[in-house]
Every structure is written in C-alpha cells, then in structure tokens.
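Pasting the structures here.
Both of the next two complexes hold subunit A, though its partner changes from subunit B to subunit C.
Up next, the complex of A and B:
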C-alpha cells in the first residue's frame, strides 16, 4: 500500500539574487491506489510538487512520505515511475530497449516484460522501431511503458499528453486509465485541462499561484470504468464547473 | 545508399573535377599557363620516379599528425571532463582553448623549436595544438547535449554517475564529437606541415621544400595534391565511421515528437 502524504511542504528556489517561492504550506494526502489530478495556472508549482514526490529535489520545509519511507528511499528502491512532458526517449535505442532502460539501470530483471508492456500501450509490432520513426503520441506511449517497467507503486505524470492533439489525447487518456487500473499504482497527473482532470481523477487538487497553494480539493464521485459518454453526464459538467469556479473564483460570478 | 544512389551522388563533383583537369591540360598545351603551373599530366608523369620518396615523406607526416591528433583528443577529453565536473571551470578552460586557437601557428612554431628542438616531438606538438580547439569545443558541447527532463529521468531511475555517462552523456555527445573530429583531422595535417617547414628531414613539408629549392615544379604540385588527398581521406574516413555509429536520425536526445 502506497499512500503519499505531504505535510507542511514549501519549496523555494534561489533565482539570481532573490528567492522565488514555488510552493507554500502544502498539506495533502493521496490515498493508496488513487488517481489524483493537479490543476492550476502556470507557475502554481504543480510540476514542482510532482518533482518533490519523485525526489528530484528536496522540499525547503515540511515532509513527504511515500508509503513507509521518504521520497529518496522510494526513488532508490525504484518505486516511482515518472512520465515527463517530453517523451525523453533515447534516440539510439529502439522501443523495447527504451522500455527496458529502467531495469538495466536498476540492474534487476524487468518486473514487467518489456515486450508485453509495449503491447499494453498499443505498440505491438513496433518493438524494433527507433523513436524518430514514431509519432509524438506513439513516443509518449513508449514513455508510459518505460515508466511501468519496474511495476512502480507510484506513477507521476507531468502533462504527459500536453503536446498532443485533442483527439489523440482523449484516446490516450482512456488507455491510461485502463493501464493505471491494471497496475494498481497511486497516480498523480499534472494537467492544464479541466475536463481531463475531472475525467481521470478521483480527486482534483486545484492550486493557486504565487506562491503555489492548495485552493480547493474536489473529490469526483463518478463511477469507474469511465467512458467517453460520461462527458455528456450532467454530474460530469457540474464537477467541471466546480473546478472552474475554484480556478477562476470571483471572475466566474455574474456581474450585477 | 544503393550503388546507383552512390554513383548519382558522386558523379556530378567527379565530372566537374575531370572537366577542370582537362581544361588545365588544354590551357597548358596552348601555352596559356606560366612555367610554375604544370599540366596535370606532368604531375602524373613524375609519380613513378617519386613514388618511394612520396610514401616515405607522407608516412612521416601521417604519423606525426595522427599522434598529435590523438594527444589533442585525449587532452580535450580530460579538459572537457574537468570543465563540466567543476562549477565555474568551463569558462576559463574554454578561454584557454580560444587563446591557443588565436595564436598563429606559424608564429608559435619557432618558439617551440627553441623549446623542444627539431624532430618528431615538435611536429606532434604543433599538430596537437592546431587540432585541439575544435576537439575541446566539440567535447564540451557534446557532454552538455542532454536536456533537463532526460537528466531528471536518470535521476528518478537512480542511475549512478557511471551509468549516466555510459547510457546518456557519451551517446548524446557522439554527433558533436564526430563533427569536431571531422574539422580537426585536416587541421592536424596542416599543423604537421607547418612544423615540418621549420626544417624537417622527413615529411611532406620537407619534401615540398626540397622540391621548391630545386625548382621541381611538378613535384611541388604532387606534394600539394597528396596533402589534399590525405586531408580529404581523413575527413571521409571519420564521416564514414560517423554514418556507421550515429545512425539514429537527425535529432539528438528526443525532445518534442
């Protein structure tokens, strides 16, 4: 069971002479096996929060627990899968070799078969292809397969489909939900899209900027598995509106 | 590339060369060229008599150029590693490279004659100095050719220093290294030649001087053509190796799909 607990976390970066505070007083818990979406304006520190969980850098104050230990121990025992905004594939390796990379680095046998993972993300037949031969969407599928190679307990995604067109993106989201359900990982998704956040997540965490703070936590009580027709549902729309109001606040009010 | 494709890409430049040589031959026969410019056939005619001589001197030059090039590559690798492993070391090291590159070799060579005297050591040193800067620049740029997300990926995967170097930094740097190696190879030959002019007994630089002093114009030209051939050959050999090794398309570490 891997719960992510963030308490009293703030993060500042030194920027030339001054200091910039990216996050302040963050207090959230992501339940084990849940899917959480982080949404907020640019500069609200949602990517920073994701990187704190992945131990890319430590928090300035506060503490983070990933399962039974700190983010560093979770990272060192290969419990974290990370999908970046860019595919970040190694162009000199083919698809399967890219998927196998985390196991190679960890010097352990892949916890999931790279060829089977390639099939899971819908790239059967492309095992030997080089990244430069794939479309952007296919490259990002490889990145997802790679993140799952060591069967991570935590799956962190930083706008993984941000560069894709709306249609591909919708399709990838459906597949991502299927893959996540099957993996049982605790997932955190950073996104800019309100409908994506509501469609994917059990909980939408709305952040505000300067410095990044949690402005609202909205739990999305919609049935799973989620299908596209859910987006026509009135409940779906009301959740979208809740997120929208949390993001835009007073701007949403009808002028008197 | 298919054989037919290779032919298609080689044919036009080859045709231009042949046409130019034919034009020169005709111009010489018509008496339009001065005595200092021989006909191509005159240059070819001296090859049999000069062959052993040419091989002897070319061998000397090649050896010095190769050793200098190799030494420069090692120095570039060591300094580039130092530049990138210590905070703030990159600028002074690159500045040093620029400084070395800015001093004209022809002015530097006599100083080195005084310091280390005539002989192989001199030719190798000058060859190394003349090919050093592009190698240093290429190595530094190559080692920096990874993007932030990919470095973060290796961090999240808990890769150690050696794995980062072997699995990421070295392959990412190869396109830059090969570009630098292609530029530097003819420079190493040029440096050797300049050093040999300072008074060598063996080497194409020496051969060209002997021919010049005995006013043997075709041999001077033969030497020049040989040097061009060696430079182009070195470049071509590295380009061939590059095509074999860097076979993953135009992009470096993939950013956007």
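Up next, the complex of A and C:
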C-alpha cells in the first residue's frame, strides 16, 4: 500500500551567503495506514520533513519514497492531502467550493463528494458559508475536508490545531482519528503537544534541533479506538513521560 | 458542535436597509456637491465684483455658464476625444502592466532584467520624450494614448506586482501540493488576491491620466479638450477657455471618483 520511506535525507537552505542545515541523516519509515506524530523543539525541521514528503521542495541528499514512487509522482497523481497550520481557505469561495478546489485543479471529478465530506467534518448546513463567517475551528474542519477531497493515500498535517483552544482541539483530535480510520490513509502529524502526540499516534518520532535529527522513536502501544478517558490511564502517562524524557533529557533534572 | 459561528443574518444588515443606507449616502453627496458649487460661484462672482477684475483676466460665472451652453457641441466633441485617449491609454497600460507583473512571478531573474528598463522609462520626463513620440506616432490620437500609457503603466505595475506577491506561502504551497500548474495558481490564487491592489493602481493612474492626455494634446495639437483650452486662450475666447477648464476638472474628478467607487465595491 502506501508506505513512506525516508532514507539518508538531509536538507539545507541557503540564507543569503550562508547555509543552514534543517535536517540531517533522517532515516524513518512510516508503515502503510499508520498514524505517526512528529514532535520536537522549534527549528528541528519537522515542518520541513513534512514538506519534503509533499514534494514542496526536494531533499538535498537522500531519497524519499511514497508508495511505489517518488514524492513528485505521488503529488502529481494526487495521493497527498496537506493540512496547514492556518486553514488557508480562499476567502471568495464558500465551504463546498473550497473543498472542491483540489479536484478542480486536478481537472478530475472529486473522488469523494464535497457535500458528503462537509458533513463528515461536521459542517452540514454550512455548505454555502464563506470562510469569514466561520470560527477558527470550523475553518480548520473545511481544510481537513479539502485535504480528503481526492481520497489521498497520505495525509500530512502541520500543527493543524495549533491555533485552537484546548477544548476545541481535543474534540477535533477525536474527530480526526475517526476520519483517519475511515480513510485508511497513512497519516503524519506535526505537533508540539506531548499529550496530543501520544493520544493520536501509533509512533511518536522525537526530533532534536540544529540540525534536525531523529533522537528517538517511541511506539505507542495503546488500544484503538482511543477515547478521552485513556488520558487518565497510567500507561498513557508513562508514554507521555517517555516523550518528555526524550525531548528534555538531562534538562529535566536542572532546577528552574 | 461546540465551535459555532455567528450566523450571517446577525452580522450583515438586510438588503433593504443596505440600499436605504446607500440612497441616503448618495443624497448627502448630492447636497454636498450643490453646496460646494454655490459657494464657488458666489466667491467667484464676489471676487470679480469686489476687486473689479476685467473680463479679459477672468470672466464672470454667468458668461462661463453661457459658453458651456452655447459651445456644448464643441466641448462634447473635444471631451470625447480626450476621454478616448484617457480610457484607451489606461486600458492598454492595465493590460501591459498586469501582464508584465504576472511574468515577474514566473522568474525573479526576469524581473531583475526588466525592472531597470521600466524604471528608466518612469524617470524620463514625459515632456522630454513627447517630441520623439510625436515623430514616431504622428500628431493624432496614438501619441495621446502612448503618453497616457507611459504615465499610467508604472503605478499599475508596481501595485499589481505587490498584489501577485501577496498570497501567503501556504496558499501557494497548497496549490503546488494539489499539482497546480503555474497558470492555475496564477488565475485561481494570485489574480484574486491581487485585484484590490490592481484597483489601487488604476485609481492612482487615473488621477494623472486625464492630465497626461491633455498634455499630449498641447504638444501634438490633437483635437481634444486640452487643445480646445489652448486655442480658446489664443483667440481670447476666455469664457470658452474657462468652460473647458471646468469641464476637464469635473471629468478628472469624476474618473477618480469612479475608480474609488470600483475599488471600494471590490474590496468589500
């Protein structure tokens, strides 16, 4: 199916005269149909990694495989859905028109009915609304529906709920899990919330900064479907602590 | 669902209230214009009577009004000529400016190659190149249009270029991930985001467009309102000359007002 394999990948950006290395020696595989969370301090290149998979830019060295082919072929055959941190809706289009955009651009019929997708993300009745008439959480729902419009095999999310309040965020995460399960896509979620990473993912990849490297891969062996009461579970807390340990290491023992 | 948004009915006034509001605004504007006109005419007449100004220096409002009525045909023909140059020139400048600003989004190299040339054209005083333009394009309307294009091009191009660069990186990345071509990204994202900027450019250009059309007529002798004013002056037909001045001022203001209105409609 659609496994994402990243081997020996590094990425540098030229900044004026100098050069900064965003990622170095990345070696990970995201199994088909899995849910992976990328977590790390800012500047660790987690968004860059996501954009490499989406073929926004090519890696400096190394190779990436999405399913049977490279990221460019995956992108051009519309196998990739991307959700940005801000909803990135076109303000002059209503909800359904925004959801239909990828199909229009691809010049193919939507692989999933835009109206049904709007209902799936809980926006039934708002099909004709303009983005400016929706709250932040509702706008992000539209962005998720848009990412699913061409039934992608890979769903990439760059801190999709980072700008939302804790309560809305928790609810959106529950719905996202339901939608992901139903779509069967390989999901990669960039986040900076430890509990979100553990709650959502099969595998939490912890990155360190300057340059971005994989410092630890933690597989989360918790049953699905996951409910909110899982967060009170001792196993959940111990996974959280593992991620925290990987992120902060010896700094945990330094007094504030 | 917890995250509810205010329904559209709560936010926007109804259609009826909106049209009433607009009518009231129009009424206020008409009253304002009428008051200004009366004040101007009173001041004008007052100044001539009080300071005892001779009619060959400045005619009184009544004789200018008479000239406006008697010479309506000549004024209308001249105004139509100048308007054709103005509108044609701005339209051509718009097409050229938007195309070139669009090309700049294709490659930064192209913009670095073309911008110095464009800026050179911008800094060359139009009065200096006008004789050259008359040599090339003759003493007809073409020269007027070319002058208007040269003056209008720059503000439209600069604003269009800024507008095309205004979409956020995410919007462009979204189109890229969807597999959009340059053209699709341009028409579906860059152009809609740039429209308010382009209209600002048109508004800025239109302020100078009538002026530059008349200037071209002064230099080439083409039969527009600029030439009418110049000839009326040399034949000492002062009321006609002043009538021409009044007509050109009203026209320039009207064109500017029209672009402001279009810009406001669009950016709502």
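By definition in this document, the second predicted complex is superposed on the first by the 252 of 256 C-alpha atoms of A that agree within 3 Å, B and C clash if a C-alpha of one lies under 4 Å from a C-alpha of the other, contacts with A are read in each partner's own complex, and residues count from 1 in each chain.
In this section, a residue touches a chain if its C-beta (ideal position, glycine included) is under 8 Å from a C-beta of that chain, and two chains touch if they have at least 3 such contacts.
Just so it is clear, the model here is predicted, and its values are computed rather than measured.
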Should the pairing of subunit B and subunit C on subunit A count as a clash or a fit in the superposition?
clash
What is the contact status of A:122 with respect to subunit B (first) and subunit C (second): first, second, both, or neither?
second
First (subunit B), second (subunit C), both or neither touched by A:167
second
Of the two partner chains, subunit B (first) and subunit C (second), which one does A:92 touch, if any: first, second, both, or neither?
both
Partner chain in contact with A:131 - subunit B first, subunit C second, else both or neither
first
Quick one: is A:76 in contact with subunit B, with subunit C, with both, or with neither? Answer first, second, both or neither.
both
Both partners, subunit B and subunit C, contact subunit A at residues 51, 54-56, 75-76, 78, 80, 82, 84-86, 88, 90, 92, 101-102, 104-106, 133-138
Interfacial residue positions of subunit C with respect to subunit A in the complex
1-8, 11, 168, 170-171, 173-180, 184, 188-189, 192
Quick one: in the complex, what on subunit A touches subunit B?
51, 54-56, 75-76, 78, 80, 82, 84-92, 101-102, 104-106, 130-140, 163
Within their complex, subunit B touches subunit A through residues 147, 149-150, 152-159, 163, 167-168, 171, 247-257
With touch defined as at the start, can you tell me which subunit A residues reach subunit C in the complex?
51, 54-56, 75-76, 78, 80, 82, 84-86, 88, 90, 92, 101-102, 104-106, 122, 129, 133-138, 167-168, 171
